[in-house]
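Here come two complexes built around subunit A, the first alongside subunit B, the second alongside subunit C.
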Partner chain A sequence: MSLISTLARLEAVSTGRAQPAATVRHRHLSARPLVFVPLTTAGEAGAPLGALVGTERDAPRLLVVPQPRDRDLRFAFLAELADVVLPYIDSYAEDVEAAERGETDPETGKRVKVEVELCADAPQLIVPSRTGVDFVRLLGRSMRFRRTAEQDPETPYPAPPRVPLLGRWLTHYGERARVPGSSLLLAMTDVLSRHWATGQSSLEDQHLGALLAWIAPPEGMTGAEAALHAELARDPRGQLLCPPAGPATDPAFDNKLLAPAFERYDRARTALAAAEDGLEADDRLGALTAAEREVRELVASRTRPTWEKVWAGIDLLRALPAGAHVEERWTRDRWSFTAHRDRITAGEPPQPRRDDAVTAANKLASREREQARLEAQEALDDPLVMAARRLSGEAFAGEVTDVVMAYSESKRPSPRPLVTVRTDDRPHLAERAKVYRSLDGKPQSAEFVGYEEEGAVVVLRILDKMGRGKEPEAGSVPEKGDRLCFTLFEHEQRGGPKLPDPEATPWTHGGPPGEAAAVPESADPVTAEDVL
Partner chain B sequence: MTASSGPGAAPPAASRPAAFDPGAEASRATADILHDTLHGTHRGVVVDSPPGAGKSTLVVRAALELADAGRPLMVVAQTNAQVDDLVLRLAEKSPELPVGRLHSSDADPYDKALDDLPNVRKSAKAADLTGLSVVISTAAKWAHVKVDEPWRHAIVDEAYQMRSDSLLAVAGLFERALFVGDPGQLDPFAIVGSEQWAGLSYDPSASAITTLLAHNPELPQHRLPVSWRLPASAAPLVSDAFYPYTPFRSGTGHDDRRLSFAVASDGSGPDRVIDEAAESGWGLLELPARHTPRTDPEAVRAVATVVRRLLDRGGAATSERSADPAPLTADRIAVGTAHRDQASSVRAALAELGVTDVTVDTANRLQGREYDVTVVLHPLSGRPDATAFHLETGRLCVLASRHRHACIVVCRAGVTDLLDDYPSTEPVQLGTLVKFPDGWEANHAVLARLGEHRVGWAP
Partner chain C sequence: MPLPRTRGKALRQRLAELRGPDVPAKALDARALAALAANPGCRRRAILDGAGVDKTALAGALGSPSAFGQSQFALTRGNAFEAKVKADGGAELLRLVHEKLDRRAEPPADAAVPDLSAIGPEGRTARTALALREATEAPGTWTLLDHPMLALDVAGSPAFLEPDAVVVHPDGSWTVVEIKSFPMLDGSADPAKVGAAARQAAVYVLALEEVAARLTQSGAPAPEVRHRVLLVCPKDFSNLPTASAVDVRKQRAVTGRQLARLTRIEDIADTLPEGTCFSPDLPAAELTAAVESVPATYAPECLSACELAFHCRARSREAGAVTTLGRSIRAELGGLTTTEDVLSAAHGESGDPEDPAVAALRRAAQLRAEALGLEVTPCP
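For the complex of A and B:
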């Protein structure tokens, strides 16, 4: 944790309110996000219990699995979910703009510009918490390999149409969420704690109710009191007043309310199946519907408060102006969305269970680049973030006190002006270290020459962005009196090397996938515990 | 193992017991490695090398023999400093050998000393260097090179510090390779989470050797059995604490190295710890227990004072390298820290005391370097918690294995309790290779030994 965020947390404790950790919004917020508040069943991995989902704050769609252990009902839920999510996604797939992309020509091997489509906007999914993102990933994995009757008439348990497609989209969103700075799938707790520092630990910040209690405590309460209330307060029946944001539910709710409701539902269903005539069946169908409604109401009562909180979080974030580079990062998200749309249209198979060696290496490299890019861009967009970097010696700000023109020693001397900056910061400048400042949004680099006056004054030599002539272009060299901020980190990221194609995976990494794998995957052996 | 007089064995010191002849052991290991490299049938050979075991010497020798055999060779190192160092060593051994130094297109891409070597050609384009016996560059630069026909042979240096994904990017450039590295030093790391690939044989964030051996378990694996750098006082501790299953010995005996000072101790903590370290090879200067910020001003000042006194007291180092004692000068001393801000605080404190030429750096940057005396700010000193970063085995191993004579550790009291308060809590990932020893255990082992050489700050 940086010194400044420690300070902000201490201030939050002493003032009883969360302190801003950013002055601008560092993530893109869609004008029409799809909020998804899922709940899962305790003790059964990948068994959704229900969800509130929708783009309209006052009209969420409630989806419920009245008996989560019944796989037919689970599929019915997933089919309903697909009916909500896929039209939302499709509504963005059609609206495109023309864009250019660099591609390698397969015949000549040269880089050429290709005109391609880029979706003008992309759908954005917002879940309450980080575990919600994991759940999206889990749902995606459980669905994308299913086969529908249309795809494979022989399949014994066909999935409803569109369910595998939803699985592929959720997988794509879950995977994209791992890319630093991406906004296709956001966890509200993560985004809020990026922008506010509370007086509790970052683990406690993952409780959406407690986090919001610190950011906007109710009248007459401190953040700490409100957070404690959100975490612990229970009604006379022993139920939490602020249910957890899910997908896991509170055990007291599971035991006291949910389990009996499931049992009543099961009994009503068994009774209906055993009905002997139409009249009896009608009655019993009524009882079953009532039992189902009871589960629906329980799920609604536990998802609705979280739904409201997610929207409250969106309100808080919308009040912040967007950072200057947010749009650029969102464009990358749009590329990602467009690319996946194209893969689906082209009829490519679903994402594999595991990445091959080349894909994994490519993903890791691009995420590292995005992480570095995000850190640099957030600092450039936001003086509060830059302050943290300045405190840790990775940047310094100050006033230009002197500019001396100098030239490089070469046949065609180019300008290399010496700039003296007085600063109160203490940058960790090594000998001839490179530093960068933003000049009209482009980084201009300079070289550290030396200190004067015991470190309070830094002398730099400007190296580039001064034009091609002997005299630097107007405005490209700092002037006396300018207040500037130089960073020791680069502003832009270089692209990494091109890795071999997966078909050309080298021998060190097991050779091309698909051939007899060097490390064959063996099924888990059956143990005594497997057949209880 | 019994002693044998292998070919080219270094003459053993008279005092050495006959049971272990380090020179002979080392030569035999080297001969085996070179044999497998030049005449073996496998596509790869892996060499584990403990600190200061002559890894660079081996790389240079293997490169020369491969070049002599007429096999075009590419050498992959991890940093530009390592590349330049290898080029200089090669040129020193064989000034006639045509060597290519492939470098980046940045400003000042290589050491200016290379300009004085007539047979070293430097270029940013691989095409300019074709036909040379040996071409050397960093893994990052090699990754951008494209070839029609791969090199017949490669040497990959510091392969344990290379990430699996950077090996993936260069592995297509060569047919077979010699992989050399130190398994005990810092593992490569990624700045973003890579849990989703944990347990895969080709996890891109794992070390290159882990991936290589997972896919090619039949490759011959060798290790160098003798550390020529570490003194007899240090090798057993470093071997036991960091290489429990692949022990090594020091190449010199207890009487071969001596550190003495012209100026007598003034009785202060720093002077007493210097004397203790000169006598025993280790010294622990213990400050009172306290939770501090990372750049603990008292500890930083203590480190700087120890360095100042080391220089002021006219140290002289006697070793097997020469008959006469060599003066302990600033360039023979290094300070190691865990964090960069600590290093810069120490630099500032040293500058205040008028010391300028002493190397101060983090463990990551001290890897592969060698000094007579090192002063180490303990990674856990003054910390309220023990994170995975501070517990990492490799970090402590690097800091504790850079010296030829003595290592002085500056630390606040209470680290043992801190370790006991923070057992390792890293999640267990299925299918990953568990690394031994874990940092917790290695830290305890080192502290237990250092405790025998403890000197309090105040008398």
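For the complex of A and C:
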């Protein structure tokens, strides 16, 4: 954490309100995001208890598993979830625009431009917290290898149709969420704490209720008081007034409310199964429905507050203007969405349990590249982020005090003007270090020549973006009196050398794909004791 | 100042007085020990745990109840899974130990499962030591100790620990087995949970090493306590056990060092005023004063490990300590420890401008104000 954000947190403590940690919004927000508030059963690996899901703030769809240990009920839940999520995803898959992508021609080996489809927009999933993202990944893993009766009539406990497909999409979203700066799957707590500094630690910021309490405390309360209320206040029955954002539930809720409700449901079901005639069965069915409704109401009561909070968070974020590079990063998300859509259409098998070495190396390289890109873009978009970079000596801002025209010493001399900048910052410039400034959105590079006046003045030599002529193009050279900001880091990430294709990868590095790759992953073996 | 009269008293009696009359001592489990070792500087936690004070009740009596609890679903699941792993005289468990840790040994068959029941923790500890000695002296056989009891000297008072199981190999070496109900998904589990399990197992390894050292007083070489423990978890989404060997050498070294560093409970007890008592029946004001008489070192990490965390956090916030926002924050603030100090130094109202921490703060405040378009406070 930089000193600037520490200062923001301390200001939040003393003012009792969260302080801005960004002046613009650094993540894309869809006009129609799908909000997903899941709950899970304690102690079970991803046995969902229920969820609120939907794109309409006023009309969330409540999905509940009245007895999470029952496989059929869980499958019914997943099928219902697929009925909500897949149509939403499909609605974005149709609308495409033409785009170009560079590809290597397999015959000539030359780079050629290929016209491809790019989805005009992509579906966006928003969950309350980081654990919600993990849960999406877990759900994806639990579903994508399932076999439906149609795929494999022999399979025991076949999954409902479309459940494996939902698993593949959730897996893709879960994986994409690991790419820095991506916005396909967002955790509300992460996005909010990126934009606001609260008066509590980042550990406590993981509590959505407490985080929002700092950002927008209710009338007459300080952020600290409101956050404490959100964390700990309980009703006379000992239940938290602000239930945790899940997917884990509060143990007091499990023990006092949920367990008895499950028990009543189980009893009603056993009674129904034991009914001897139609009349009796009707009565008992009524009791079962009542017991099921009770569980539904319990799940609704724990997810609804979180649902409202996620939307409140979306409102807060929408009030911020989008950063200049957010759209560009969202385009990358659209590429990622389109690519996965194409993989599914092409009938490729689900994502493997473990990535092979080549895929893993590619993923790592791309995440590193995106991290560097994100850091550079956020700094360029947001003066507050740039301030932190200036403080750490990675950038400097100042006024141009002098420009002297100079030329390179080659046969065709090109302009190499010397620019003198007076700055209060203390950049760590090595001899002939390169610095960059943004010129109409493109980086212009300059070379460090020397310090004057004990470091308060920096002399730079501008190197490029001045046109081909002997005289630099108008506006391409800074003028006296201009206020400029130079960075020591590059604005655009070039990335390292490209990794070879899987076929050309030596076996020492995990390639080429052998026979192992040709065998599709088998489904998880299903046993009577499976919990999911 | 320590009173001369208290010095003579046996530590046990002193701790019982701290706990309050007729309040039974709460056993210090490995989880508490591992957490204690994570914050060794906290004297409050050390004395309360050492005296066996029920911190949950204490936190409730102080008016900041802890938020810990276990869901009965998790508890049922955990117990059911452990019972499944240990079914049939631990056949499955021993098979996993053999497969993951000791493939060169004979496959286990007819393993001995001695009865370890006895009266009281001391009795069970003695029974466990006896069973360990017998098992070690019978080479070529596998022995499974189900819920043995071990004693570990923590800051001058004994703590009784109950591992899930200890296995004695045919070569006489011992392995700690930890059974957890979080899943191992495609061969990997949640690193945070594995880390916690490893820290817990490391405490058991330390305790077993003490037992092993005592067994050798007869002259024979000490039995080896293996530093690779077996972590047993449900496989993927099923209830079937799978296992992985976890190397706890690092955790063992860290925990051992931290335990050695723990200020001796005796010394802390001596600094307390005469008559200090942490009984939850006392009025809140009196209790607060008693708790305040021992200094705490609060950090946000305490929230996930200590029952008193909310109380300490409230106190820490009241005092305006910057550590309330995270330990790492302290590092860049130099000698400034309170919110007030930091902010007034940043705004140029106090502090020595020659101090690099103060200078950096002022520069940061200026840059931040500039970026937010606020009025820049001139620095003197």
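Everything that follows uses one rule, which is that the second predicted complex is superposed on the first by the 501 of 532 C-alpha atoms of A that agree within 3 Å, B and C clash if a C-alpha of one lies under 4 Å from a C-alpha of the other, contacts with A are read in each partner's own complex, and residues count from 1 in each chain.
Assume a contact is a pair of C-beta atoms (placed from the backbone, for glycine too) under 8 Å apart; a residue touches a chain by one contact, two chains touch by 3 or more.
This structure is a prediction, so every number in the text was calculated from the model and none was measured.
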Just checking: does A:Met386 make contact with subunit B only, subunit C only, both, or neither of them? Give me first, second, both or neither.
second
Return first, second, both or neither, reflecting whether A:Ser410 touches subunit B, subunit C, both chains, or no partner chain.
neither
Once chain A of both complexes is superposed, is A:Arg354 in touch with subunit B (first), subunit C (second), both, or neither?
both
Examine A:Thr108 and indicate which partner it touches, taking first as subunit B and second as subunit C; both and neither are also allowed.
neither
When the two structures are laid over each other on chain A, which of subunit B and subunit C touches more residues of subunit A?
C
By the touch definition at the top of the document, which applies to A:Glu231: first (subunit B), second (subunit C), both, or neither?
second
Partner chain in contact with A:Thr6 - subunit B first, subunit C second, else both or neither:
second
So in the superposed three-chain picture, is A:Thr41 touching just subunit B, just subunit C, both, or none of them (first/second/both/neither)?
second
Can A:Thr345 be said to touch subunit B (first), subunit C (second), both, or neither?
neither
Subunit A residues touched by both subunit B and subunit C?
354
In the complex formed with subunit C, which residues of subunit A make contact?
1-4, 6-11, 13-14, 20, 23, 41-46, 138, 141-142, 199-204, 224, 231-232, 249-252, 254-255, 258-259, 353-354, 382-384, 386-388, 390-391, 524-525, 527, 529-532
Per the touch rule above, subunit A residues touching subunit B in the complex are 178, 180, 354-358, 360-361, 363-365, 367-368, 370-372, 392-393, 428, 432, 496-497, 499-500, 504-511, 518-519
The subunit B residues in contact with subunit A across the complex are 43-44, 108, 140, 143-144, 164-165, 167-169, 171-172, 190-194, 196-197, 200-205, 208, 211-212, 214-216, 340-341, 344
List of subunit C residues in touch with subunit A within their complex:
64-65, 67, 69-78, 181-183, 185-187, 234, 236-240, 300-301, 303-304, 310, 317, 320, 322, 324-326, 328-329, 332-333, 339-340, 342-343, 346, 360-361, 363-365, 367-368, 370-372
